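Labels for the chains are A, B, C, D, E and F, by order of writing; each one numbers its residues from 1.
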Amino acid sequence: MSDTKTALIISAHSADFVWRCGGAIALHQKKGYEVTVVCLSYGERGESAKLWKQEGMTLDRVKVERRKEAEAAAQALDVHDIQFFDVGDYPLDLGRETQDRMVDVIRAVQPKWMMSHSKWDPYNTDHMYTTDFALTCRMIAQAWGHNPGQKVLGAPQLYLFEPHQTEQMEWKPNVFLDISEVWDKKRAAIECMQGQEHLWDFYTNVAENRGNHFRRNSGGMAGGRKATHAEGFQMIFPQTVDELA
Amino acid sequence: MSDTKTALIISAHSADFVWRCGGAIALHQKKGYEVTVVCLSYGERGESAKLWKQEGMTLDRVKVERRKEAEAAAQALDVHDIQFFDVGDYPLDLGRETQDRMVDVIRAVQPKWMMSHSKWDPYNTDHMYTTDFALTCRMIAQAWGHNPGQKVLGAPQLYLFEPHQTEQMEWKPNVFLDISEVWDKKRAAIECMQGQEHLWDFYTNVAENRGNHFRRNSGGMAGGRKATHAEGFQMIFPQTVDELA
Amino acid sequence: MSDTKTALIISAHSADFVWRCGGAIALHQKKGYEVTVVCLSYGERGESAKLWKQEGMTLDRVKVERRKEAEAAAQALDVHDIQFFDVGDYPLDLGRETQDRMVDVIRAVQPKWMMSHSKWDPYNTDHMYTTDFALTCRMIAQAWGHNPGQKVLGAPQLYLFEPHQTEQMEWKPNVFLDISEVWDKKRAAIECMQGQEHLWDFYTNVAENRGNHFRRNSGGMAGGRKATHAEGFQMIFPQTVDELA
Amino acid sequence: MSDTKTALIISAHSADFVWRCGGAIALHQKKGYEVTVVCLSYGERGESAKLWKQEGMTLDRVKVERRKEAEAAAQALDVHDIQFFDVGDYPLDLGRETQDRMVDVIRAVQPKWMMSHSKWDPYNTDHMYTTDFALTCRMIAQAWGHNPGQKVLGAPQLYLFEPHQTEQMEWKPNVFLDISEVWDKKRAAIECMQGQEHLWDFYTNVAENRGNHFRRNSGGMAGGRKATHAEGFQMIFPQTVDELA
Amino acid sequence: MSDTKTALIISAHSADFVWRCGGAIALHQKKGYEVTVVCLSYGERGESAKLWKQEGMTLDRVKVERRKEAEAAAQALDVHDIQFFDVGDYPLDLGRETQDRMVDVIRAVQPKWMMSHSKWDPYNTDHMYTTDFALTCRMIAQAWGHNPGQKVLGAPQLYLFEPHQTEQMEWKPNVFLDISEVWDKKRAAIECMQGQEHLWDFYTNVAENRGNHFRRNSGGMAGGRKATHAEGFQMIFPQTVDELA
Amino acid sequence: MSDTKTALIISAHSADFVWRCGGAIALHQKKGYEVTVVCLSYGERGESAKLWKQEGMTLDRVKVERRKEAEAAAQALDVHDIQFFDVGDYPLDLGRETQDRMVDVIRAVQPKWMMSHSKWDPYNTDHMYTTDFALTCRMIAQAWGHNPGQKVLGAPQLYLFEPHQTEQMEWKPNVFLDISEVWDKKRAAIECMQGQEHLWDFYTNVAENRGNHFRRNSGGMAGGRKATHAEGFQMIFPQTVDELA
């Protein structure tokens, strides 16, 4: 194994990683990380309304279109590797087989940190079950008796990225990441999502307002950093540090 | 103002800073920080049972004893500055005058981070009101119109240190600090608390078990740091970062 | 599709809709709604103690009796349509097949609002899993790619009706409905539940006391509405309004 | 007393009502309500950094400027009446005298609904103490023995308007109000806040994104209302209704 | 000090102890306890609407009437001692002087357990501030340096009795007490409250339904105790036991 | 059925019962209870790192070793009966078949109280799913129609024993049990866990510190019981009592 730092995103549907952590991906790639994205599904049934409104659309054609968009976005963000599990959506099939595939990826990637959805989402249970699934797979990947001989996982942080209606999802960010320097990459990735144009400005607004929150929490009018765009994340696990920031 | 980094502890009673963040103090002093401790009271009425059991004890004598112990502990921890507000305890007097004194100290210190008690404490309301007080004073210190001309405060983190019965206080640590290299200093400070010998081993156990938590959260049996002692803290405010850890 | 407004109740066991929202059903029927009730099971194993104490009772006979009671109660409440999914109880089988049936009903009904159980119920996990199930089915019914061509669901509110021990279920009503004018229908429906006579007065008390809460929250002694009976519900989703009430 | 419907906003500092509920004010004025705004302070010390950076600024001049801005904004929103209590800020003086003044206003206005801050705000304790204060004053205004002979208050809803960092304040909106038709008035009022230009776009983004949330919760892509701008509020008390929405 | 077991109720207004813990009082008196009730106020301003509607009513006359009712109720419940602090209501004056009086009572009574209101009550802030006050007074009573020489308090449980709208007050009972054998006494005490007749049946319903909860939690249809009436309480502090029940 | 009191522990992995409730087991056995322990798995894959580090280890050999350790610990604690369900770990198989086995055991044991894991555990989802499973099985065991003719279960308390990082698991003890007199047995059982020696002192520290909490909550310096070791538990269900403690 090389010394390259790695990270792993587990995205329920193929566009989630763009809106919710596109900045974190591009930024960490720029810093030399290798970021892997796993899309459990294409969001082909539940998040492709615009495509389905076209005459004669089929599930396969939706998947092809959604995959193209996701790959283009991944490229815009310099994603190291993107994998499509294609387990169906609305609902996702998160059974034992999907678990085993996911654990294999986790162990292969050996992520310094992982990222997934909020713990609760009454609008979209795919999201919240993905988080449970991520926790279970992280646990299995740590088990010395699971495929003995493979390198076991340490204890990477699990970040929860920002859901669409934060307060309804009981999601509370405890870290803001300055993504100003890669904002153009994130916006470019966002614009790859041709089927969800109604969300482009929404997530631009989010990034700008999180930039304001970043400035506030880094000192406000008495020395806050001039971040223009940011992303917020909720850490599930406590941090371990050598010095308090 | 020099470039020295500073920190500020607001302790309801004169021994709290020892049990709850003695390691953080000693560690940051070692790293070149200047740590100031404000003891709002000596805990003279409510946390000096052993002294009061002595014949002919008076409030003044209790205060003198408690101050001596706190100063000795501060010295053991290399505290930069310790101040005693002497506002009475059980209950504390946290009125406007105490606020103004506190704000003056905050502005003079310009702490990179602050530290105080848990948000809820049904056993000891002095503790929880101290936290409210710390938040209010932090807010006032940020106000450009409070004593205009003084340097206003930025947005330092407020860490909540570990209360005596964590679960009852609804306190949840989201950061663990490795204090192994200064543990002997913390133990020495603890032993300065002659009136509360029944707590020496309690807080030694806490430090050891938080060391275990540190190891778990930094990788467990697959690469966790060999911390022997740690302290846990709860951050009130979100962090602002350049990279995810 | 006609202009008739519709509503859908998802009830884990066949009597739940009577105790918990019989008033809402009768009232909305009176207002011209068409209310559909789906009973996932008859509560044949877990909520029919009185029947099982009879000599020679069988599962089929219990189901027949429970169905009769539920149909009688539905009639007393003027229910538009009642369906029995018969998926077994203690525990319910809420797998993919049951999901698909439920989604078909949701799409056929196109409810203006839906109703189900509390989010947490340590006494009866059938209840809480039914709520998860309702959320998942609502999500699937909204998916343009699920059975394309069918009319997709909008965004109906999901009301959680009152569980047996509200505080233990972490259920908090945020709306009270005045059912005074249909109370006699609800009482009549309650009395159809021959096997659970011990609950008749309990739920009468509940309705009276919720009437008191209605009066308090509508103005109390300074103009509160003279409601004699009410039901409480917890809305999962935020409301969208044109004017604040 | 006339039949005119009335509403009352209790704002800790003089600009809060603009950012947080300017749309609700303008909309209800348009619907014939008479909306009264009480500004407990001018935010003269804590929310006027830009003014304080000017040479030779005094507290009185800050108050005058802040009052001018607030009055201009109130005019832009068609506010019926705006009152300045001038009780000081950072911290507010919310003692018995301020309570009595507030209760007098509440009773004079007899609001159909009231509005104030979030329950928790670690950044700004003025905000959270204002909410406690609003609850206490509402309670006193309901007391038949407080200034007997005055008309007592009924049980108006207390809406909590949107704080600056919603998740940190544990604020969860349960109602979204469509303010599209008065958005231009709100933007005009926002632009009256010359001292806080850095917030103009922030709150424009908020209004647009709450518009998206309105559309989602009113039907989404299957019939959601085409709201362009919205405001979110959290109701403290349960609603009392005749029909479920 | 005798071996008699004692208990102490801290009631914000003079009727609270009747509705909320009349059964517990009568039952423990019957078991040989000496139960002291402290009414901080008569509820003269805020809970005496019926009296204030009489022509020519004065504050003093209201107090006299309310005191009579409370004393009669206390007698019906066999209360050992009832004290009226008369600190005013809506709002209560809970300053240092009231604290000192309360601590004196606590130390004189040396209660095995204490009882007060819920932690949160948006309808009635007197209630929630009374609970904070009770916790602070309990803390002071434990302080060896407060009036040295007096017998200090141990660590009695603080029970929170049932508020009027449990779910809105975030109150969750974790113990049910069977009051069947003293129900007639509680009903008699309730009927002493001539000014609040509208609550008699409400609290009778509560007692009956808590009886049902008692039966459920003590075994249900497989051996539950035949309690007809019960009261629910929330313990603030953990219990210390020799055996699990 | 005899009059012997019984209890049932449901342990996800074979060592959990030792660390988390070994004292409760030994103490209740001493009091004449018959305590049954069900280990759903051996923790063979996820909690046997030390064994897996040995050359040529196999799953079967790990199970054998782990079983030996668990049986030795059970013997040290005087466990009445220990059963190994062997359903696999990381993740556990908690499907219908495992449910049925568990319900059979519950009905056979007829426990006065049951015990299992915390409700939330992001580190180890086996733990939290075991608690859900325990609640579901308890519910089924109460159903008169499940295997009619068998003795149905009453309403035993479900205690949640102490997880490894209490605050992260949102676990809050509401009862402390004095295990001083059986501490030596618990320590002996702990030392049977040869593969997890790194936890021996950790759980010794826990027991000592819980002893401190016991003393505090039973009277502190004014009469607290001299417990040296204790265990903490969280009760899921409310208690039913005849007298307040």
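FYI, a contact is a pair of C-beta atoms (placed from the backbone, for glycine too) under 8 Å apart; a residue touches a chain by one contact, two chains touch by 3 or more.
For each chain, UniProt lists the protein as follows: A, B, C, D, E, F = 4-oxalmesaconate hydratase.
Fair warning: this is a prediction, and the values are worked out from it, not measured in the lab.
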If you take the chains that touch chain B and keep only those that also touch chain F, what is left?
A, E
Answer with same or different: of all residue numbers used at the interface between chain C and chain F, are over half used by both copies?
different
Please determine the option from A-C, B-F or C-D whose contacts repeat those of A-F, over half of the contact pairs being identical by residue number.
A-C
Using mean C-alpha positions as chain centres, tell me how far chain D is from chain E in Å, no decimals.
37
Which positions in chain D are in touch with at least two other chains?
49, 123, 142, 144, 168, 173, 213, 216, 221, 232, 237-238
Which two-chain combinations touch?
A-B, A-C, A-D, A-F, B-D, B-E, B-F, C-D, C-E, C-F, D-E, E-F
Within the complex, chain D is touched by chain A residues 49, 123, 164-168, 170-173, 198, 201-202, 205-206, 208-209, 212-213, 216, 221, 232
Please name which positions on chain A make contact with chain F in the complex.
99, 132, 135-136, 139-140, 142-146, 148, 158, 236-238
If we count contacts the way the header does, which residues on chain C are in touch with chain D in the complex?
7, 24, 27-28, 31, 113, 142, 144, 152-155, 157, 159, 173-178, 213-214, 216-225, 227, 230, 232-233, 235, 237-245
Residue set of chain C touching chain F in the complex reads 44-46, 48-49, 52-53, 57, 59, 62, 89-91, 122-126, 168
